[in-house]
Structures are given as C-alpha cells and as structure tokens.
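Order of writing sets the chain letters: A, B and C. Residues in each chain are counted from 1.
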Amino acid sequence: MVYAKRIDKRKFDEIRPIRAEVGVIPNADGSALFAFGETVAIAAVYGPKPLHPQHMQDPARGIIRCNYTMLPFSVAERAKPGPNRRSKEIGMVAGNALSSVVDLERFPGTVIDVEIIILQANASTRCAGINAAAMALAHAGIVMDELVSSVSIGKIDDKIVTDLIKEEEDYEEGEGATDIPFTMTSRTKKIAHLQLDGKIPISRFKEVIEAAKKACEKIFKYQERALKGEKIN
Amino acid sequence: MQLPNINKKRIALLLKEGKRLDGREPLEFRDIEIESGISVNAEGSSRVKIGKTEVVVGVKLDVQEPYPDQEDKGTMIVSMEFSQSAGERYESGPPQMDSIEIARVVDRGIRESGFVEWDKLCIKKGEKVWCIFIDIYCLNDDGNVLDASAIGAVAALRFAKFPVYDKKEEKVKFGEFTNESLPLTERIPFSMTFYKIKDKILIDPNRDEEDAADSRLTIALSEYKKEKIINAMQKGGIAPFSIEELEKILAHSEKIYEEIFPKIHERINSLIKR
Amino acid sequence: MIIKIGAEGESERKQERKLVIPGEVIVSGEEYLPGDFTKKENNEIIANRYGLAEISRRVVKIIPISGVFEPRRGNTIIGRVEDITFNGWVVDIGGPYSSFLPVSECPRFINKNNLAEFADIGDIISAKILNVKKSGIDLTLKSKGLGKVEGGRLVKINSHKVPRIIGKEGSMINMIKNKTKTEIIVGQNGYIWIKGDLEKENLAEEAIKIIVNEASSDGLTERIEKFLEKNLIK
C-alpha cells in the first residue's frame, strides 16, 4: 500500500492553516496563540523573576522552566488532568529548545516561567506549543538572539510529509508512520530540538532536513507577522 | 505585587460611597462574553470571559458503571484547575480561591438544580450509565473565577452532544458525534458570589477587590415554576456575615438573577442555533 | 527621515522607529554601531529584543516596549513591603530580583526593635536603588522625598512606558499633577502613587491609562491636557 495521497488531501509539503496572535493572556508578561489547523496551543511567559527556593537558583545563569499541559477535553478520549511522564518530557525538550536562543546569563539566579497549554489537539502539539512559546518570549521582551520555529515532519509509508495530523501519526499500512518533531532557529538555521519515533533509513534523512528547513522558514514568517501586530486567523 | 494596604483602604473608602475604582456600581457585573466550540474533541466546550477573567470549560462523556446506590442514574465529575499562567501567585500571601472548592461549588449548583435528567443518562440499569466530566480551566484570573466557571460549565453542558455509542460492542466511539443534546431541563443554574469588604457588599470583584475582601458568599439559584430556588450556598473567608447582611444578599440575588441570567441565556441560545 | 532640532540647537537625524523582532536585521553597513539590545555580525546590526529600532547618528538601538522592569542604580522605585527581618525590609519592586531595604539606609531614627512601626507588611515605600547585585537589590531612603507613603493608591503600568508618563523634563506628569491637584510619585519600575480627592485620583489614573495606550506621541501632552480640562468641568 503506498501513501499516494494525504488523508486530508494536502500536498506532502503543505502545512495546515496557521493561526497566530500575541497578547492573548493579559496577566502574563508575554503570551501568544499558535495553531496548525485543529491543533491549538497557547503560551504564557512570566519573568525573569526571582527563583524560589533559593537552592534551585543557578548563580551563573537564569533558567527557563517550561510546563506543558493538555486540557482534558483537548483530545477525543479525555486526558486525566495533572502532569504525566509525556508532559514532563515535552516540557523538558521544549524548554531546551527555547533556552538555546535566550540570553540566560543576563539575569543569573532568576527563572522565566513558560506555560504551554493545548486547548485542542490533532497531533503536532509540542510543535504548536514551541511556536507559541517562542512568540510569547519575544512578546515578553526577553533578550533573545532569534526565534525558534517548530514543525512535525513524518515518513508515512515511504513519503516524507510536513505537519502530521493524528491519522497520519497512527498510520499502519506499508512502512507505517515515523514522527519527527523538528525545531529550528530562525536566523542561524540551527537545530534546537529534534526527536524521532519510528524507522527511517539514514540515507533518507536528508529529505527530512530539507522538508523541515522549508517548513520552519514558512512558519517563522507567521510568527513574525503576529509579533508585528497581525491577528492571523 | 500583592495588594498594597493603601489600595485596600482606597477600595473600602470608595465602597462606603457606593463607588468602585473601575466606575461600576457595587452590584454590577463586568461584561460577560461567551463562546462555544473551543475544542472539537470535546463533547461540548465553552469559553467565558468576565472582564479580563477567562475560563475555558470542556464536557467529555464516557460510559461507566453507576454508583451502587443510584443504579439507574448518570454520574458527573467536575474538576477545576488554575493554569499557572492565570496570574502571578506569590510565595507568601493569600492563595487563589481553592480550585477544589470551585469545582465542588459548581458541581452542587448543577447537581441540585434538577438541570440534568440523570435517569435519562441510564443505558443499562446497574451496569452502564453516561458519566459527564466537566473540566474547568482558568487561563486568566482577574477576580471572580468561580462565577465564570459556573457560567462556563452550564454553557458547555448546553452545547454538548452525545458521542456515538456502539451498543453491540458496548463502547463509546470517541471522535464521532451524534446530533443529540444532553437531557437538560429548564431549571438552568446560575450562581453569583457576593463579596464583603468591611460592611459593604459587592459582586464580580476584579483581582484587587477579591484580595481586599474579608469574606464571600456564593449563591446558586435556579428557577422552578416562577420561583427562585437556592440549590447551593458556600461561605468562604473568615469574617462572619450578620443575619441582616445575609437577608440583603438573598434579596439582591433575586434581582441580579433577573438582570443577568436572561442575557446569558439568550447568548447561549444564539450560539446553539448556529 | 525626520530632522529634529535639539535643545542645544544641533540638528539630529533620526530614522522613523521600526518595530523589530529578535533575530531581525535592522540595517546593514560597516558604518553602523550596535547599541542597546543589538549586536553586530558581518556588518549587519541584528535585533536581540522585541521593540522599536532607532538609528541615531550611527548607533542602532532597540527601545523596549514590553517586558519586566530592569533595575539600575539610582532608579527611584516604589515597592511593597513583603517581609520584615531583624535588620530591614524585604520589598517587592517587580522585576528579576528581590530587593532589600536595610535599616542602615534609613535617614531617621528608627525603633530597631519594632521595624514594623516604620513600615509594615503591605505598606508602600518610595526608595532609590543603591546597587544591583546577582543576589539582590539594595535600596536606600537617603534622599529627598523618599519613604513610606500614606493614603492614595498605587497604579501599575509597564515600566517601559514610564518615560512617556513623565514627559520631557517632567512636562507631562507635572501637567497632570497641576490639573488634578494630586500628589504623584512615578517609580521607574512602573508603579505610580497618586493621592488627592477620590474623583481627582480617578481622573489622574485615567489620564495615565490613556497615555499608556496611545500609539503615537505627537501632541500627546496637549491631548491629555484637553482630556483633563474636559473632565474637570463636569
């Protein structure tokens, strides 16, 4: 069985309709919404601010504390509220991606709290979350070299596709589905976050990198427009 | 920054003259906005904004065993969480209103009103009933999260549609929806929380006013045969209420119900029609 | 390009300010120099912060429009007493660091056994920043006009809007004070204390909120003056 056409009829390198907007949470120092089609993420940033308890402080640099939450009703089968291993892992990799572009030495001993909330999920939630968080950090006036942009690349059967939906993640025909969430920095084009789950020959990985690069550049343009005041719906 | 003493004094001083910092009357609500369809994966969902306070609420349904003493009735679980983004909560000082308390008060307002026809949620007596999960999430706290949560919960219930239930396999097909709404009656709950600052009463406080309050009283009402029925009450905070204050609050609650409830009802109706 | 004549009679060349995001190339050219929140790489001046890029002479800098207060020595700030220790007050002034006012930096005779008498938890004080260390900020009251405030109310705005509230050489804030007959202390950290008749305090606060929300600053002082006059007649 060959994955000749995508389930939702998109082109292989086509990203779902993007929504992007900043300033969605009034109490936060910075906030943003980012959506890939039906996957909607909100991010809120607080800080830098004093980190308590003191023993958690790093005297040389500040830290980013990233918390990722899926609302119980964001998915078809209710997700029990509260942190779990998956959400903790995503918080970690997202936090590292964001830390790679933030000047953490500027305020040692402090913390920047980043909260990612998934309102509605159709795969690629961590990518939507990282995109929202990057905008929220900039919106909060955090000193950063550049933004990061994130997208899920997949190998569905033998096709390299951009921006997976849940049905593609669950695809079992042919070579099955390999999910590769990819985050790149906007100006220096470095890889800030990378995960892979599935199977893909090394020889094909170059195509994945190409697809990610193209997609991240497109996504960055939306993040930029939202920061410059557009409410992209 | 936590509420400064001088601001607390200012709020009390203004209230003595029946005024508030944002120009509202003591018994005046901020603008209430309601939206539906926050998550397509929820059986029903809503977003409620009261001023800058914002909550999102989702209803999820599943089929489970009933409670042994209510074998032919559906069940309901209400949960509430403040997202950490809701607002700065400080290392010391008063915590936000407890999320567990909010969940339980919202639950009682709905459960006791007769709004949900629990027996119509029975699939197979003693074995299979529908369970309603209501999950409330506060995204931005600018005071009065409880009332916003209650409005959001009722709205989400009214927007909700049953998922497809495969009778043969006895399983819910999550992601597939019917066009059937939940079995709800006309006895729609509406709650309002009264806050006391010194000896003045106000409703719908913003964050500062809520921090300045000495105590509060939530009243959940529903209407039955033109009479207002109290389905739940909850006093919070330390300062006691006098009997006169309680009677005044009960009188106010009827008036406010008549002012605010129809507008909310209309708004939800218009969203359902779409 | 706007040509501005400065107070000294010199002419300054200022580009229109452009909203930029982190990583954006503001301008290219060997002759440009990186100012606040920018860096230079391969003859490109790159933004390191979301804000308004301004080129003045050859220096390119970013004027922040958002973000937490960044404390500097000498700043006048307004803070809330959070805690009292044996030798001073822990004060919340917002921003990245906690701050402390030692008893030794208070000018008057203070009952060392009852510091709460001078300023209790929840009280508001205006102070100056003595120094900024990684471990925290030290405050001082040893300057005119500083100390605990009584009465009035505290208003919070984003600290980056404070220059607009103050205006050129205090023109804006003095105008508001005069028209509304209120006492006002503006903290560089974005906290503003206002005291007067309740109605006048409301009016002053409203005026401040309008200034914060205004995008353009052309003729802002005059517009606020008109707004105040209109509302004072009522």
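Just so it is clear, contacts are C-beta pairs under 8 Å (C-beta built on N, C-alpha and C of every residue); 3 or more make two chains touch, one makes a residue touch a chain.
Computed from a predicted model, the values in this text were never measured in an experiment.
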{"item": "Chain labels contacting chain A and also chain B", "value": "C"}
{"item": "Centroid comparison with chain B (C-alpha atoms), farthest chain", "value": "C"}
{"item": "Comparison of B-C and A-C (more C-beta pairs in contact)", "value": "A-C"}
{"item": "Rounded Å distance, chain A centre to chain B centre (Cα mean)", "value": "32"}
{"item": "Inter-centroid spacing, chain C versus chain A (mean Cα positions, whole Å)", "value": "34"}
{"item": "Chain B and chain C, separation of their C-alpha mean positions in angstrom", "value": "39"}
{"item": "Contacting residues of chain A [partner chain C, same complex]", "value": "29-30, 47-50, 59, 62, 101, 103, 107-110, 138-147, 185-187, 223-224, 227-229"}
{"item": "Chain B residues touching chain A - in the complex, by the definition given at the top", "value": "38-43, 45, 52, 54, 56, 58-60, 62, 79, 81, 83-88, 91, 133, 135, 137, 139-142, 174-175"}
{"item": "Chain A - residues contacting chain B, complex", "value": "25-28, 31, 38, 40, 42, 44, 46, 52, 67, 69, 71-78, 81, 113, 115, 117, 119-122"}
{"item": "Chain C - residues contacting chain B, complex", "value": "79-80, 82-83, 92, 94, 120, 122-124, 149-154, 156, 191, 193, 198, 201-202"}
{"item": "Parts of chain C lying in touch with chain A, wherever the complex brings them together", "value": "19, 21-24, 37, 39, 46, 48-51, 64-68, 95-98, 134-135, 160"}
